[in-house]
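In the two assemblies presented below, chain A is common to both, partnered first by chain B and then by chain C.
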Partner chain A sequence: MHKLFSTIILTILILLYTSVIFAVERKTLIPPSDFQAFDTPNDNGKSISLRWPVSPSESADIEYVVYASRYKSVPFDTEVLRISSTTMYEENSDSNFHYAEINLEKFFGEKDIDKEKNKNYFFKLVLMSGKNTVVAETIASASPKGNWFNWLKLNNFIIMILFCGLVLYLIEHAKKNPNLYLRKISGLDAIEEALGRATEMGKPALFVHGLNGMGSISTIAAVNILGRIAKRVAEYDTELKVANIDPIVLLVSQEVVKESYLEAGRPDAYVEDNIFLAASEQFPYVAAVSGIMMRERPAANFYMGYFYAESLILAETGANTGAIQIAATDSYTQLPFFITTCDYTLMGEELYAASAYLSREPLLLGSLRAQDVGKGILIAALVIGTILTTFGIGFISYIFMAG
Partner chain B sequence: MNRDVSITTWILIAFGIVNIYFLTTGKLSFGLEGLGLITAVALTLAIYSFLYKDNPAFKIVENLFVGVAMGYWIIITWFNILKPDVLEPLIVPLFKDTGKSPQYIVIIPTILGIFMLLRFSTKLSWLSRWSFAFVVGLGSGITIPNFVHAFILKQMEPTFAPLYTGDILGSINTFLILLGVVSVLIYFFFSVEHKGVVGGVSVIGVWFLMVAFGASFGFTVMARMSLLIGRVQFLLRDWLGIIQ
Partner chain C sequence: MNFLKRTIPLVIAFIMGVMMVFQYYVPHEASQSLLKVVTRWGITIAGFAVFIGAYSLFHLHWNKIKRKFPGWGYSIFVFFGAGITIIFGLYNGGEFFLHDKQEGTMFDWMYFNVQVPAGATMFSILAFFMASAAYRTFRARTNEATILLVAAVIVMLGRVPIGAMIWEYLPPIADWIMSVPNMAAKRAILIGVSIGAIATSLKIIFGIERAYLGGGD
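Then we have the complex of A and B:
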């Protein structure tokens, strides 16, 4: 009797203990009540947005997992999202809703998405804590649709249209008033000085193009400056060498230099072989141009256009040869190297300004004036916007919000 | 000149002795791997010899580098562009039954590409303008909206911060950002002479630019140092075996 009584007591104790343990380990997971899927607005029709309210059982060790399927009746075996339950809150929802965009292309393939337009996709939300899982009651579904217009970028569109209008207007204005004022750019005077030195020393001047092709604005500006340099070189009867990396830039440069020699009345002095393709790749180009610098010791080096990692190697080699060096680039990552190794550097927009200043072309002058007006508008917006934001009025900052 | 010749000769002798020693002791294999390594070391040393002065070894490697790059570029153009984008979808199905119909749409970009090459012809070079117009038009259409987004709106958004939020240091930081942006923009004004107030503000802009360039310079020099370290490691570890 005593033995039976002890066994019952022990069993009760074991049951009590295990129930307590399980109560601790098995947290009750409460799934979100309202799981929604909808077509992502303002997209290319290849994603679905998911939204659901926070669950009371969320914590850092609990995860949300979303499975997707093309059909409601087949197993949901494609995992499209796995996040900690305390992350990815919807913006401006005070952490009351979760929001995620699912890129269907990534999980179902580009061809399938394109082939089956307007197809419904089904999503199942699972709340997971270790092996313990609970599935949200609602199976959400939505069909992705492409949008012709991204309304979030409306301000981008308006700014672009306004600025294009401004550019066109000021180009017309520049055509009527070719003497539009442009401030003097100090580096440009140095070009004359450098060419004069090359002439006195009887050594060539070397013009090094950047790595970009003719589609790049900096290359176009560089070619404009090259034309002016070539004209001056022809007048001084100095030798000009032009190193190119792009065959199209090479052809354009040859044309421009030839024209400049013709303008200067010295077509006989033009040597086509002096405008050459040094190499077709970045570092071979560096090796070739560095070799030329060391062997021919040009008295003036001009680096014009868009440069990459080769800038320092080129300019350093040029500095070692004792040449006057003038650089002009809008590659802001390479500007520090040119500033430290060259005698004069035209920074960023100064390259375009130099091109406009030298050529006096209405197209360039008008564009430059339009840029100045644009900058003025931005400065005004920044100053007024910041002051208004300080007083809690976010009107201007809202206009310039990036969508 | 004699000094340079003797230096080159001694370096070549030393290089030969070291490699013969490594090959005979088995540190380098006699196969393609060992030969490849010796070639790589020779090319690396020849390139670095430019630090002393221009010399025949550098000239050889320079020309080799240019030639190899050109050859590589041609092969890449053929295998990555012409073969998969023109030959296989258009030309092969025209003459051979591959089970796929020729993609005639490819003719348009192919013709535009050929037009670009017509710049070499004095009579037909005008046709290349069509290709340029297409490339520039397409490029501008893609670039301009992205430019407005990345270089104007994305830059302006964080600048619209309240000047005072209760934190003095935070306010100074916000003010400096605003001052930097405005003064640098004013420096790049070309329609106004840099005199008086505009001149003063643009000088502040230059200071901001120089601070930014200084930081960028230091950062990049560190990255370049790691490239040098990589080459030195190759020489000391892979070739000489001095370091592990």
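Then we have the complex of A and C:
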């Protein structure tokens, strides 16, 4: 009797467990009610965007899979997307819609996409839970098109136009009023002092370029300063050595120094070997320039441009030789090292301002004023934006949002 | 001559500058292709410039050897190093330079066993320079240096386990220094740099800044 009772209980338990498993396995998948495909806005015409509302059956173990095809009638055998059903929600949709961009080039090849422009692509959405799958009723289709303007960058474009207008206006203004006030930049005033010291000591001045090539604004700014320094060096009849890491910067530097000597009426004093390629890689460059500092003991060292980890090694070696050191860089991570080891450091935009400051040309001074006005506007926007955002008004952040 | 050396470069700078500014706002394929082409031009020019760089390097060191400048012996190593690197580079593990670069050749061996350790050695010297620079900076001679010293000590202690053992509030104070005053200063510099970079670009595009062409004005 007792045995029979136990068997019945066990049978009931097994049946109950099986029914639970069966229910889970057979959980009904409900596909999304809609599925849309459309040309991705503001792109190069090689992607399609997909959008669909959430399904009631979504959970972490259920996936969405999207298949694509060039033709509606042929099998959809190219899988272009596989995501967990609880991911990739559309921005600002409160997790009510999913959104995905499909890069067609990745799945259909660049050449094929280029060959068949304006072709329709078809997409099928499948909801998948293990082997259990359900297909969305709609087969979505769209044709990719390239756009001629990225509207997400409209704010950036307008700010750029306004700033250009401001620069040009202030340059014109500077032509009429050439006596613009400029705040004193000690580092630039000290260039004269450093070159004078080099002349008195009969030792060379060393100009060290940063690691970036001619494509970098900081290198162009450094070359502009080099031109001014070279002219003064030629007038003082001092030796100027210019260490380069980039062959193109070397060529430009040679040309700039040569022209400066010519302008100073000392073309005979120009020595091409003094503007040289020290090395073409970071640490060999450090070794070469440090070696020059220790052997030749320049009286003045100028570090101009964008520097990386080599900044401290160079500047500390220069400090040990007792040279006057002036650094100018827009690399904010290296600024502390230069401030620590150099006599004068031009920070950030002072590097760009140097050329105008040294030449005192009204046209260049106008652009400096524009820089200051631009900074003033941004500071005002930051202060006003902070106050408005504190009171829950956030529109100002959209003006400066990156597209 | 002035036309070739001044006018043409200025015209090219203006046209390319304006084109590349607009390229940033145009996502169309044509615009992307233009960027690719221009980038390829840059790479090609850089490729040719390497020969000029090599010429400059060899010319300089050859003159040093010829005129027996102080330290001329080091210049021999320039030719020695460059010579064997070029020879093994061209030899390419027996496949010669017309084939793709082979792996595991003597050229690679020299790179991994000479150049990389030598570079790492130079980099490691940085630690000693940092210590000597810190010593000089942290002598509290001015108010600014004192602030720097106090901030540096807090951040250094806050970043190591012993900091929390000394005082439990050191790590959060160190984090605050990094994420508030340090971040504010960093962003201020970045804003200034960005505006300065735009203004400099405009000066170059419109031919107002010409010092990079040589001669100052």
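Throughout what follows, the second predicted complex is superposed on the first by the 318 of 403 C-alpha atoms of A that agree within 3 Å, B and C clash if a C-alpha of one lies under 4 Å from a C-alpha of the other, contacts with A are read in each partner's own complex, and residues count from 1 in each chain.
One rule holds for everything that comes next: contacts are C-beta pairs under 8 Å (C-beta built on N, C-alpha and C of every residue); 3 or more make two chains touch, one makes a residue touch a chain.
These numbers come from a predicted model, not from an experiment.
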| item | value |
| --- | --- |
| Chain B versus chain C as contact partner of A:M347, first or second or both or neither | both |
| Touching partner for A:I83 - first (chain B), second (chain C), both, neither | neither |
| Chain B versus chain C as contact partner of A:S355, first or second or both or neither | second |
| Chain B versus chain C as contact partner of A:V271, first or second or both or neither | neither |
| Which partner, chain B or chain C, touches more chain A residues | C |
| Touching partner for A:T389 - first (chain B), second (chain C), both, neither | first |
| Which of chain B and chain C A:A381 touches, first, second, both or neither | first |
| First, second, both or neither for A:L182, with chain B first and chain C second | first |
| Contacts of A:N155 with chain B and chain C, given as first, second, both or neither | first |
| Which of chain B and chain C A:A287 touches, first, second, both or neither | both |
| Chain A residues contacted in one complex by chain B, in the other by chain C | 153, 156-157, 160, 163, 215, 248, 251, 280-281, 283-284, 287, 291, 295, 312, 332, 335, 337, 340, 347-349, 353, 368, 375, 378 |
| Interfacial residue positions of chain A with respect to chain B in the complex | 153, 155-157, 159-160, 163, 180-183, 185, 214-215, 248, 251, 278-281, 283-284, 287-288, 290-291, 294-295, 312, 332-333, 335-337, 339-340, 347-350, 353, 368-369, 372, 375-376, 378-379, 381-383, 385-387, 389-390, 392, 394, 396-397, 400-403 |
| List of chain C residues in touch with chain A within their complex | 21, 24-32, 42, 45-46, 49-50, 52-54, 56-57, 59-60, 63, 70-71, 74, 115, 118-119, 122-123, 125-126, 129-130, 132-134, 136-137, 186, 189-193, 195-204, 206, 208-209, 211-217 |
| Residues on chain A engaged by chain C in the complex (per definition of touch) | 42-46, 146-150, 153, 156-157, 160, 163-164, 167-168, 171, 213, 215, 217, 220-221, 223-224, 227-228, 231, 244, 246-248, 250-252, 255-260, 262-263, 273, 275-277, 280-284, 286-287, 291, 295, 309, 312-313, 316-317, 319, 330, 332, 335, 337, 340-341, 347-349, 351-353, 355, 359, 361, 363-364, 367-368, 370-371, 374-375, 378 |
| Parts of chain B lying in touch with chain A, wherever the complex brings them together | 47, 50, 53-54, 58-59, 61-62, 65-66, 68-70, 72-73, 116, 119-120, 132, 135-136, 139, 144-145, 148-149, 152-154, 156-157, 159-164, 174, 178, 181-182, 185-186, 188-194, 209-210, 213-214, 216-217, 220, 224 |
